[in-house]
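By letter and in written order, the chains are A, B, C and D; residue numbering begins at 1 in each of them.
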Amino acid sequence: MVKYTKIEFLTACAASHVRDGENVFGGTGMPLLAALLAKETHAPHINLISEAGFIDAHPRNVPLSVADSRYYYGCAAAIGLIETLGFILQAGRIDVGFLGAAQIDEYGNLNTTYIGPYEKPKVRLPGSGGGNDIASCAKRLVIMMTHDKRKFVKKLDYMTSPGHLEGPGSREKWGLIGGGPEVVITDMCQMDFDPETKKIRLMTVHPGYTVDDVLDNVMFDLIVPEKVPQTPEPTEEQIRIMHELDPHGVYLGKGK
Amino acid sequence: MVKYTKIEFLTACAASHVRDGENVFGGTGMPLLAALLAKETHAPHINLISEAGFIDAHPRNVPLSVADSRYYYGCAAAIGLIETLGFILQAGRIDVGFLGAAQIDEYGNLNTTYIGPYEKPKVRLPGSGGGNDIASCAKRLVIMMTHDKRKFVKKLDYMTSPGHLEGPGSREKWGLIGGGPEVVITDMCQMDFDPETKKIRLMTVHPGYTVDDVLDNVMFDLIVPEKVPQTPEPTEEQIRIMHELDPHGVYLGKGK
Amino acid sequence: MSRIINTHSGTARCSQLTEAEVYDKVITMEEAVKMVHDGDGLFWGGFGYQRAPIAFAHELVRQKKRNLTIYTCGSEIDIEIMVGAYVLSRLEIAFVAIEALGLANNVRRRVAEGAIEIEDYSNLAMAMRFLGGALNVPFMPIRTLMGTDIVNKSRYRGDKKLKVIDCPFTGQKVCLVPSVQPEFSIVHVQRVDKNGNAQIDGIVGEDLEGSRCGKKLIVLAEEIVGEEEIRHSPSRTAIPAMYVHHIVVLPFVAHPMQCHNYYDYDLEHLMMFHKMTKTEEGWQEYLDEYILGVDNHFEYLNIVGWERLHSLRAKRPWGY
Amino acid sequence: MSRIINTHSGTARCSQLTEAEVYDKVITMEEAVKMVHDGDGLFWGGFGYQRAPIAFAHELVRQKKRNLTIYTCGSEIDIEIMVGAYVLSRLEIAFVAIEALGLANNVRRRVAEGAIEIEDYSNLAMAMRFLGGALNVPFMPIRTLMGTDIVNKSRYRGDKKLKVIDCPFTGQKVCLVPSVQPEFSIVHVQRVDKNGNAQIDGIVGEDLEGSRCGKKLIVLAEEIVGEEEIRHSPSRTAIPAMYVHHIVVLPFVAHPMQCHNYYDYDLEHLMMFHKMTKTEEGWQEYLDEYILGVDNHFEYLNIVGWERLHSLRAKRPWGY
């Protein structure tokens, strides 16, 4: 049996949602590591784009910032935000984007801006960045979150980025060009969205967790299908390669 | 007495309307030659811009096209149309632009598009190019035309570029940011605009022509002030330099 | 003609291919032009004398395409050729003439005989229409055109030509011009790698926006270079491969116009062209000799003559 | 501070000067910051870890500027510094945090205490607002934000934050974001000539549009180069001199952030900063030590230590 940490598991799991040949918005952090892992394994022909302006990047060291110089060397083009978010993303050319969030609701809408009331916020979070744009325009959206009851809420404190908004037809109403969230990856499970209701639905449960663990940690009614398979585990090769990509353990932590 | 051809005279006359330190849209043809002449004589610090994308150009040979590679070598920046017509011109950064026209009316409105009715044109002319944009946005507009009765008309066949439109207040009504036409140079005279009525007004008459010659060759009521001085003649130096700028006589003709 | 296209770098809107199916994007001029259907719209790259896709225009004529619409700021003998040979029926442009030489004679005749319709804009308006198309928004705001017949008169777009509105923020008048997303963008560049990453030397005119606004982009390049050359200077990439569907590599694509750092314009040929097009007979003679009388671009270059072409080659450091 | 500014190349909006009055645009950081008045708006250049105008932020703090508004897509410790020292009262931004490290602690505290107000947009929205400002049109259309609280909630702009309209061409929903034309644009570049022609290495982020949207542009450059260097490669000029009002030349302007081809980020310093700002006391300690405790940028660099700085210098060909 393969030994792995939670972060290694999540990185491999996220990588599985990147398909070969796709145009990918990697951002930073675990999604970037996942995209790089995918490129080194099953998806060698992805076009990795950073919203700061790098196109078809092959960083030899893992970048810390979307604008990190580590994205530059060997990339195919280095331009700017109008190019990446306007000409590429808003024109519908991004296949998959990754986002994290502090809160998510049952339609996959995301909050990355405020905790507490808008008028008197308790905590200021980073804000949208390119998040709203990616959630509006990417063909598929993969959301990565820590699983915590306070994060899976019935009502967001602030809706930064659109998921399926109020359900069927509401993205169309606003002319959003992307397909919306496809999958949510947490440290307990993977969730997708019911095609009829556009509500979040349990998809797979990670080794070591049960369906009930998940249900205990969401504040809305999660759709649970009859069969909930276990999430596949990472391979030795995936773990080895992700550590080669992050030799200093910036994202994976020091110990293997 | 200096000997000069009509074209040499007009080139020197146009050059006199370029002031040192200005941002100038030169285009091609006689205006470009005039701008280059100004730069070599009384206005060494002009920033010569071509709408195709060249900024602060110092062509060593006279360009034939606004996109001519002759503009490139030694210029300060080579970009594109959004830069020159959007960021520079539309943002109000051009001091003086030059335009020619097939027809002009008494408010300095210009036609460079059709002769004859719009529905069934007799002659298709080049169209606006950047002309409308320059006439809308340049702080000052200098118009250069051959003097012909059929060109100084009461009503244009088609209004391509705005002069003072219907008179006082009408540029403001449409929010046009430039000051509109300041002077019209023909092979007979120079005309400016009456500040009250915004109508065209005789300014100077070229050597060899009379006020009556001019009046016989316009189809509207031209304002004639009490005093109409003679247009200053070019200097030997100006003629020498303009031929150095156009050694093959592309614009000035072969013979000196 | 249905070659599967994809690249090492992946292609937008075409992402399900596996490695075995990754083909080269490089095709012949004949193949590229065959993809254009009668009635299609084309963004037409180049500006003035610079990087005009003349060889593409020739092949459109040889393949007898009909009812095409050209979207561009200003073009010169390329439009003259296509209009003269009845390839185009509509133009959405700001400018057509042969700078420094005179009016576009073929356009003038075809307008008079009602064979083409021209929807008139300004250069800024067209450039912004391409920017809007590239951004995938339906319109862009500008502060020109207003008060003139470019606003008041329309050929065939009717009230879809443009709209003058009161700005909802400032109350000022603003002109909205509709974005353009034609079937194809045709852009001529200096060099490209096999994936389609393209570099442009000299000014770009409206080609950055134009290359990104078409549903498919065909890049015509003077030269193909190794991927390393592109990736060594990623800031020089004007058009990333992900936008590029097909690549045609040929020398002297723009002749008798110029291509910065590669060759100067052929003024003698241009003057001959302009003179011959003064009459319909003269134009037909040119058409028969230089376009229909040859099978392809290299035969055209042979007629022009390689000694002449050699004499046009750009000199350093001037680039022309 | 009222030096007459103009250049060899001529300056927009300042065209009546004669040769005798042509002064150099190069001034000191202290002089540049003195031009900023309390209450002014600043476009703030750089993106993420790249080319952040940290030294300018330090000097704003030292000169005790107040009630400034920052317009930018995303900034990190530069905003933390200015917000922490009460220089800013308003932000129109898409993002503030220290990527990879965590939340912006100073911003978090100042928001909680009501000392700053943030008007939230997305990166695309802000970039388009700068593009609109550069184009001198009142708004730009985008297809994002709609359906979310970025549309529904506003801090102080009220109904001038944005407008969702029905497109007059297509009937689709479109979001109009208002253009930005602040008093100043502050942009950090790699190199510049004495006239202000500036080159940027690596990505430009939103700095092309941002540099053109401000009423005055102050360029901070790591290095000044001869005019010949610029004019030898005019296609590399990211910001032509005609936009540039003032130039400040200093090394390590972005430290502890990075400047492509010049130096890498100082991760140790960044982590220290982030850790210290977790408490108000820690932040005050940092502020006293690194910003208020020094008279100018060189003294700051001395405290950081030249050995450390030397170790950060970029290596070829990687640029970091």
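Here is the rule we go by: a contact is a pair of C-beta atoms (placed from the backbone, for glycine too) under 8 Å apart; a residue touches a chain by one contact, two chains touch by 3 or more.
The model shown is predicted, which means the values in this text are computed figures rather than measured ones.
In summary, the chains found to touch both chain B and chain C are D. Rounded to whole angstrom, the centroid-to-centroid distance between chain A and chain C, based on C-alpha atoms, equals 39 Å. Note on chain placement: the centre of chain C and the centre of chain D lie 37 Å apart, centres being C-alpha means.
In terms of their C-alpha centroids, the spacing between chain A and chain B amounts to 57 Å.
Among the residues of chain C, those touching two or more other chains are numbered 135-137, 142-143, 172, 174, 202, 235, 317.
Counting partner chains per residue, chain A has residues 54, 72, 78-79, 82, 86, 90, 177 touching two or more of them.
By the contact rule set out at the top, the touching chain pairs are A-C, A-D, B-C, B-D, C-D.
The part of chain D that touches chain A in the complex is made up of residues 46-50, 73-74, 93-97, 99-100, 103-104, 107-108, 111-112, 118, 120-125, 127-128, 131, 142-150, 152-153, 172-174, 202-209, 258, 260-261, 264-265, 267, 314, 317-320. Contacts from chain A toward chain C in the complex involve residues 19-23, 44-47, 54-56, 72, 74-79, 82, 86-88, 90-93, 95, 177. Contact residues on chain D toward chain B in their complex (touch as defined above): 6-19, 22, 134-137, 195, 197, 212, 230-231, 234-235, 237, 240-243. Across the interface of their complex, chain D is touched by residues 28-29, 50-54, 60, 64-73, 78-82, 85-86, 89-90, 109, 113, 118, 121-133, 136-137, 156, 158-162, 165, 170-171, 173-177, 250 of chain A.
Contacts from chain C toward chain D in the complex involve residues 132, 135-143, 160, 163, 165, 167-170, 172, 174, 176, 178, 201-202, 232, 235-236, 317.
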